[in-house]
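Next come two complexes built around chain A: one with chain B, the other with chain C.
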Partner chain A sequence: NKLPFLVHCVLTMNKNVNIVDRPLTKGAKNEVSLSAFSYLFSEIVQYSQSRINSVPDWERRLSDLGYSIGARILELYSLREKNLKRETKLISLLSFIHSTVWKLLFGKQADSLEKITEEEDEYMIGDQSILVNKFISVPKDFGALNCAAFVAGIVEGIVDGAEFPARVTAHFTPADGSQRTTILIKFKPEVIERDKRLTS
Partner chain B sequence: ERKKYLSILKRRGMTTPYTFIIVGKNDNPIYEAEFSLGQKRDSNLQSIQTTPSSSSSYQTQGHSLNQFILHSALDVVEESVWKSNSMYLKVVDRYGKSFISSFVSSGHMKFMLLHDKKDEDAIKNFFADVFELYVKILLNPFYVLNSPISSSAFDIRVRKLAVKYF
Partner chain C sequence: KEKKKKHKMIFNLYIFNKHGKAIYYADWHRKKQSDNLAEEYKLMFGMLWSLKNFVAKTSPKPIDDKTGFHSYKTSTYKLHFYETPTSVKFVIVTDPNTPDLRDDLKKLHRDIYVEYAIKNPLYKLDEVIRCELFITSLHKFIRSLPSFPDPSLLTKA
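== the complex of A and B ==
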């Protein structure tokens, strides 16, 4: 009963399909089951836990993992969705992240995109119930750990890659009883200056 | 002196009509290739030949000059990048009779081509196809971003594209 499966494995191992020969757009419709992802993500979080000494370090690790994903997402989604266009303005990059990236990653657009009025370099993307935290409950002794630091890392990879360097962090904000997750994006001053110049 | 180099190369039938490089975020080349389509060669050889980047010494001389030309155009590319939101930037600079075309991806990877013939459509499609190959390389989680692309499969594919479009 297991033999045909093993034979199949051995036969397909010899077919060394190189990554450049595989079609790219077929994967656009691929969806991964939430439980598979959540299981993998929980293992990632626990794996990181054994290698850190403090909560900020923990968030940093998750963020770094997201970073390399973000850099790739930027190029891949531009190829698939935007038909060879590149973002040159801050607000269009942010709306690209808020709509296209969120939709492709989580199945729906982010709930809100806001600018903090007091600071000219801070923007927030809000999500009522961010997918990665769906099955995560943080005990009190872990303080302010937010595993959405992983998503913050993805966003950081995207903005860095597009030459809009920023510090991106994930925070919990209380809203209507439940905890809302906010991704805070603080751009470097030269980005704001350049954007002012280009949009004036 | 540059004209002399080019004429020496032409006499030896070794002009390199197309030089293609991919430049990373720190102005570091991560991929380079030269496509010399040997119409001047005799019929015994393959009618279309693309030479790998390490060859005879004359080709190496021309080779480093071409790279120098392309790198000197990087400043112009940096400026043009913020003026347009399409990836294909068309001809950004000239060198003698040659043109330098550029294509900059979302992640600001610069694809540059040094060419003598102006064929916008072919070049645009070439860039688009190479970009797709580049994204496939990117998807390998073990590929370090901004590092040289050493995949021979990528190299073979790029050369096939050059044959297809040029």
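== the complex of A and C ==
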């Protein structure tokens, strides 16, 4: 499946050297034009559409694509930003995703990081206008499709790789006029258990 | 004696795809409603097509994008036309005194059509545009044009 690799190439674009030979820490400032990414992402969404039968399947496909990117991002950004220091606490991992990862992927930090008070294993990262959805309007007949499932996949790849397994999904939540995108992270029970022991 | 105020008006907007199908239509201050919009689209496209060819054939100089048909004016309205290199046609009808809106049509194509329709994976190309983001930003853009009438002036009968 060449698609995740292609997306990763676009995210860390280079000009002359083979991408796997370039030094990892150099070129951290490379940016890709928003138009180029939007067309690529648009094609990814349409490509997935031709291979599914239902909207949840579609979101899962986008999520799977994001997953392999997330796994690589964890390694790359840990190396570049934090000199390979591993996160062992849940809250610092979430903070890493909310600030560093969002900043490196989208150019700005996520708008909010919240814990759902009724459930002890659910956290939400909110973004008022998530970049991947910038040019996308979902028609009514596609139901609850949120193309930010791709970003949810990226987050899932990161948390799984960091040994905090979780199920991550993207949702629209209405917020003063427009639609806000929330990435909902539901951690497995053993993660919460372990974190309680570590932080007590 | 009070000078008669010139009323600015934008009546309606059509977007045609390269096959001649009307993929978007909107109107704002149209006083005479058409009884058959589908007929009107066909008439409009046919007229534009003929006019474009006529202008090209009778031109004393060779024709290119910039020298082709741009607009026509009658006593009651002015029609502005812009065709993209991909044969998408943008047509806007305004009052006769409006300055040329061709640049605004280009902006509409570049910043609204390309962004919210073409980059939207859920919009099928050459179909009628129903994308929410496209529609809201198009209306916002048209309302922001200097040729769009001030709402307070419209309350006068």
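Structural remarks
One rule holds for everything that comes next: the second predicted complex is superposed on the first by the 179 of 200 C-alpha atoms of A that agree within 3 Å, B and C clash if a C-alpha of one lies under 4 Å from a C-alpha of the other, contacts with A are read in each partner's own complex, and residues count from 1 in each chain.
Everything below uses one rule, namely that a contact is a pair of C-beta atoms (placed from the backbone, for glycine too) under 8 Å apart; a residue touches a chain by one contact, two chains touch by 3 or more.
The structure presented is a predicted model; accordingly, all values stated were derived computationally and were not measured.
When the shared chain is aligned, chain C comes close enough to touch A:F135, but chain B does not. Touch criterion met: A:V45 reaches chain C, while chain B stays clear of it.
In the superposition on chain A, A:S78 contacts chain B only, with no contact to chain C.
Measured by the number of chain A residues touched, the leading partner among chain B and chain C is B. By the touch criterion defined above, A:D21 lies against chain B but remains apart from chain C after alignment on the C-alpha atoms of chain A.
By the document's definition of touching, neither partner reaches A:A144: not chain B, not chain C.
By the touch criterion defined above, A:S68 reaches chain B but does not reach chain C.
When both complexes are overlaid on chain A, the residue A:A175 reaches neither chain B nor chain C.
By the touch criterion defined above, A:E87 lies against chain B but remains apart from chain C after alignment on the C-alpha atoms of chain A. Against chain A, the residues of chain B that register as touching in their complex are 81-88, 104-109, 128, 131-141, 145, 151, 153-154, 157. Of all residues in chain A, those touching chain B in their complex are 18-22, 24, 68, 71-72, 74-76, 78-79, 82, 84-89, 92, 161-163, 194, 198. Residues 35, 38-39, 41-46, 49, 135-139, 142, 145, 147 of chain A are the ones that touch chain C when the two sit in their complex.
Contact residues of chain C toward chain A in the complex are 115-116, 119-123, 130-134.
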